[in-house]
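Please find the structures below.
First subunit A sits with subunit B, and in the next complex the same chain sits with subunit C.
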Partner chain A sequence: MTATDLRVIAALGARSVKQTFRRPQLMAPIIIFPSILLAIQTAGAGRAVDLPGFPPVDNFLSFMLAGAMIQSTMLAGNSGGIALAVDIEMGFTDRLLAAPISRFAIVLGRLAGTAALAGLAAVWFIVVGLIFGASIQEGVPGALLMIFFVVLSGVAFGGIGASVALRTGRASVVQGLFPLVFVILFLSSAFFPDNLMLEPAATVAEYNPLSFIVEGIRDPVISSVTWSVFGKAMASLALVGAIGIGLSALALRRRLRMGG
Partner chain B sequence: MGWRAQFESVAALVRRAANELLRVPGAAIPGVLAPTIFFLGLTSVFGKLSLLPGFTTASYQSFLIPISMLQGAGFTGAATGVNLARDIEQGWFDRLLVSPAPRPVILAGLVLSAALRSLIPAAVLLAVGFAIGVQWPGFGGLLIAVFCVMCMGTIAACWGTTLALRYRSQSAAPLMQAGMLLIILTTTAYAPLDLLTGWLHTVARYNPVTQVVEAARQGFVGGVTWGDTWPGLLALAGLLALLAALALRGMRRAAV
Partner chain C sequence: MPAIEANGLERTFEGGVQAVAGVDLEVADGQIYAFLGPNGAGKTTTVRMLTTLLRPTGGSARVAGFDVAAEAAGVRRAIGVALQEAALDPLMTGRELIRLQATLHGLGRQTGRERAEALLARVDLLDAADRQVGTYSGGMRRRLDLASALVHEPKVLFLDEPTTGLDPVSRRTIWEEVEQLNGEGTTVFLTTQYLEEADQLAGRVGIIDVGRIVAEDTPARLKAGIGHPHLEIRLGEDGTERAQGIVARFGMPLPSKDGAVLVEVERGAAAIAPVVRALDDAGLSVEALDLVEPTLDDVFLEKTGHHLEPDEPDSTEGE
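Here is the complex of A and B:
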C-alpha cells in the first residue's frame, strides 16, 4: 500500500465520519437508538442478575455495555453500507473509480470511517456506563481493549454492509438488512448469558461468532481478561472480517467488470 | 357539508389507505416484521425473567405479546404520519385541504385507517404467539387487547399527523417512530412494576401507557377484571383527547 493510498483512505474515512454527523438519520442508529435500548433494558430487566446461573457482575449495566456496543457497531456497518450505496446511486463512486487511485482504497476508506465511528461509539458507551454505575474490572487497559475490539468489529461488519452496497448498488436493499441485525443480535449472548436464554436461541448463541466477539468486549468489564476468551474473539473477528472484506472485493471486481 | 357526505369522505380516505396496502403490500412489512422480530427475540433472550420471584406469570411470551401488539400499532400509526408527510411533500394534501371536506373529517379518515391497519401486525403476532405457546386470553381478554391496539394505532396516528403537519417532511419519520417506541417501552414492558429498577420504575408508575399495557395484558396472564380494565380505558381516553386535539389544531392551522 502506497502513501497515496493511505491519504485516500484517510480522506474518504474523514468524509464518511463527517457525512454521518451531518445526517441525523445515519447517526441515530449508531448512538441514540442503542443508548435508549440500553437504558430501558438495563432498568427493565435489571433484576436478571438475581437469576441462578447469571455470571457474577456488579450490576446489569456492566453486563449490557458490550451488547450496546456491538449493536451500535453492527448498525454503524449497516449505515456505512447505506451511505456507500447512496454514493453509488448518486454517481459519486463512479467519479472516484475514474480517479487515478487504487479501487480497493475506495472501500477501505469507507471501512476506515465505519471503524472510526465504532471507536467513537465505544468511547461514548464506556463514558455513559461509568457515569451510570458500571465498573470496568480491568481498568484503563480493559477499556482500551474494549475499544480495540469494537473498532475491529466496525471493520468486520462494515465490510459486510459494503459488500451488499457494492453488489446491489441500492440503499434500500442495504437498509433491508436492518431487521437482520437484530435477528443476529437476539441469537447471540449480546443481551443475556446464553445459558439463561430459551431454546433454540440458547444453542445458536453458544456457537454464534457474534457471541465470542461480545464476550471478548465484555470480559474486561466483568472479570479478568482470559486468553481463551480473547483468542475466540480475535478468531471470530478474523472470520467475519475475512467474509466481509472478501465479499466486498468480489463485489467491487464484479462492479468494475460490468462497467461501474 | 352534511353528515352523510362527511361519513362518505371518511370512508373514501380509509379506502385510499387500504388501496395503498393492496397496491404496495411491501409497505406493511416493516410494521409487521419489527414487532415480530422483537417479540421472538426478546422472548428468547429474557424468557427466564419469569423465574424471578414476584413475576406475575410463568410464560414470558404471554407477558410480552401485548407489548409487541401495541408496538406494532405504534409503528403502524406512525407510518400514517410518514405517509401524510409524503402527501404534503407531493402536494396531494393541498388538494385535500381545498376540498369541501372539513378538517376534522380529513383527520378522522387518516386516523381511522391507522386503527384498522394496526390489526395487521396484531393478527400476525397473535398467530406467531399462539404457535409458540402464548396463553389463550379468553374472548373478553382478546377483545380488550384488540381494542387497546386499535386505540394505540389511533393515538400514534394523531402523533404522526401532528409532527407531519409541523415539519411537513418525511425526515421527521424517526421522531414519529421513536416517540411511540419510547412511550410504549417505558412501561411495564419487560417486567412487572415491582421488578423494574431505577428511573424506569418511577417513569413506568406515572406513564399512562402502563395502564393500557396492563389492561391489554390481563387476559394473557390471568383473568379479566373491571379493576384492571378501567384505568387503561381512562388512559386511552385521555391520550386520545390530548393527541387528537393537537392533531386537529395542526390540521386547522394548515394553510394551502
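Here is the complex of A and C:
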C-alpha cells in the first residue's frame, strides 16, 4: 500500500461521507431510523430493566444504546453497498478502474467512508443518550471504546455490503438485504438480553457473532471493561471483517475478470 | 513507436458472444483516430480493452508503449479516458470531481488544485464548478468529463462517443476542444457513430462492423476509394426517363432516388454545365441540382451492405 493509495482511500472515503450527507435516502437508515426505533423502544419497553436477569443498567436507554449503534452501523454498511452498486451501475467505478491505483483501494475507500459514518453515528447516539439520561459507567474512555468498536463494525459490515454490490453490481439487490439486517439484529442481544429470550431465538442469539460485538459495545455502559467480553467482541469483528473483506476481494477479482 | 497498436485483438464474453473479432489497428503519435460504427459494432469493447478495463481474450495491444494486459499500470498512467455517457457522480461538484481525478493520478494536493482550476477555466465551467454535477446540462457534463480526463496531461486520450446525444452546438464545442488538444500534441482515439464527426476530426478512420474493422484509411482516401461524386437532378416536370437517357452520356446513371435523376460524374463540378445544357436543349427544365460527394456513409454502405444509423441526439440536452 503506497502513500498515493492511502491518499486515494482517504479521498474516496471523504467522497463516500459527502455522498451520504447529500443523499437523504442513504442518511436516513444510519441516523433517522435507528433514532426513531431507539425512542420507540425506550418509551415502550422501559420497564424491561426490572425483569429478573436483565443486565444491571441504570435504565433501558443505556441498554439500548449499543443496539441502536450496531443497527446504524449495519445499515451504514448496507447503504455503502448500495452506493457502491450505484457507482457500478452508472459507470463511475470505471473511472476509478481506469486510474493507476490499487484496485482494492476502491473498496477500501468505500469502507473508510462507512467506518467514518459509523463513528459519527456512534457519537450521535452517545450524545443523544447522555442528553436523555443514559450513563456510561466507564466514562470518557468507555465512550471512546464504544466508538472504536462501532468504527471497526463499520469496516466489517461495510465489507459485507460491498461484497454483494461487487458481486451483483445492482443497487436493488443490495437494498434487498435490509430485511435480513433486521432478522440478524433481532436474533442477537442488540435489543434484548439473550438470556431472557425464548428458544430457539435464545440459542441463536447466544452464538450470533453480532451479540458478542454488541456486548463489547455495551460493556463500558454497564461496568468496567471485561477483557473476556472485549476479546470475544474483537474476535467476532475479525471474523465478520474477514468474511466481508474476503468476499469483497473475491467479488472484485471476479468483476475485473469479467470486465467491470 | 505508434501511440496505439492492436494485433488480432479479440474479446469473447461468457456464453460465447464475440464482441470484437480480431481488430488490427495502428494509431500514430499525435493523430486523431476515429473508430466509426453503429451501436453494438464492438467500439466500446475495443476501447475498454485498450484502456485496461477489459482483458482481451485474444490478440494483443500496446498503448503508449505498454502492453494492455501485462503492463496495465503503465497504460493507466499514460492515458486519459472519457467514457460513454459521461460517468460522473451527480452528487459531486465539478471542482470536487476534477480534484478527485487529480488524486487518483497521484498529483499532489496543490498541483491538483491548480490543474483543476485551469481545466475548469479551459472548458468554461468555472462559474458552475461548485454546483453538483446533477444540475449540469449534457454538454456541460461532457466538458467536465473531458477536463477530468486531462488532469494528469495524458499522452493518449480515449473518448468513447464524446458527443452522443448532444445538440449540434455542444457537439461543435467538444470538437473544437478535441482539435485544440490534438494541436497541443495529444493523441486522440475516439469512437463515434456520427459520420460528420469522424470526417471533421479524424486524420484516420477505422470503420468497424460486427467486431471487425472493414475499412481503414484517411477520410479522403476512403471516400475516393469508392467512386466519383454524383449529380442529383430534380426536374420541373415529369421527364425522368428521357432525362436518364440524356445524362447517361455524361457518366454512369444510378438508380433514381425520391424522383431525382442520379448520375455518377468523373469530372465532378465540371460536368454540371454540360449536363444542364443538354437537358435544356431537350426541353427539360432543371428545378434543382446537387453535386454530391461520396460520404463516409457511402463507404460504410459499400463495406458493410447497410447504412450507418446513429442514435438521434436528444434535443433537450445541451445548454
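The rule we apply is simple: the second predicted complex is superposed on the first by the 260 of 260 C-alpha atoms of A that agree within 3 Å, B and C clash if a C-alpha of one lies under 4 Å from a C-alpha of the other, contacts with A are read in each partner's own complex, and residues count from 1 in each chain.
Assume a residue touches a chain if its C-beta (ideal position, glycine included) is under 8 Å from a C-beta of that chain, and two chains touch if they have at least 3 such contacts.
Not measured: the values here are computed from a predicted model.
Enquirer: In the superposed arrangement, does A:Ala28 touch subunit B (first), subunit C (second), both or neither?
Expert: Touch status of A:Ala28: first partner only.
Enquirer: Of the partners subunit B and subunit C, which touch A:Gly246 in the superposed model: first, second, both, neither?
Expert: So A:Gly246 meets neither subunit B nor subunit C here.
Enquirer: Could you look at A:Gly231 and tell me whether it touches subunit B, subunit C, both or neither (first, second, both, neither)?
Expert: neither
Enquirer: Is A:Ala45 touching the first partner subunit B, the second partner subunit C, both, or neither of them?
Expert: The first partner, subunit B, only.
Enquirer: Looking at A:Gly139 after the superposition, I want to know if it touches subunit B, subunit C, both of them or none. Which is it: first, second, both, neither?
Expert: A:Gly139: touches no partner chain.
Enquirer: Tell me the contact category for A:Ala11 with respect to subunit B and subunit C: first, second, both or neither.
Expert: So A:Ala11 only meets subunit C here.
Enquirer: In the superposed arrangement, which partner chain does A:Pro55 touch: subunit B (first), subunit C (second), both, or neither?
Expert: A:Pro55 contacts neither subunit B nor subunit C.
Enquirer: What residues of subunit C sit close enough to touch subunit A in their complex?
Expert: Residue positions touching the partner: 11, 13-14, 48, 51-55, 73, 76-77, 79, 81, 83-85, 87-89, 91-92, 96, 100-101, 103-106, 132, 148.
Enquirer: List the residues on subunit A that touch subunit B in their complex, please.
Expert: Residues in contact with subunit B: 24-25, 28, 32-33, 36, 39-48, 50-51, 60, 179, 182-183, 185-187, 191-192, 196-198, 201-202.
Enquirer: Could you list, by residue number, the parts of subunit A that touch subunit C in their complex?
Expert: Residues 4, 7-8, 11-12, 15, 18-19, 22-23, 87, 90-92, 94-101, 257-260.
Enquirer: List the residues on subunit B that touch subunit A in their complex, please.
Expert: 33-34, 37-38, 40-49, 51-52, 171, 174, 178, 181-182, 185-186, 189-191, 195-201
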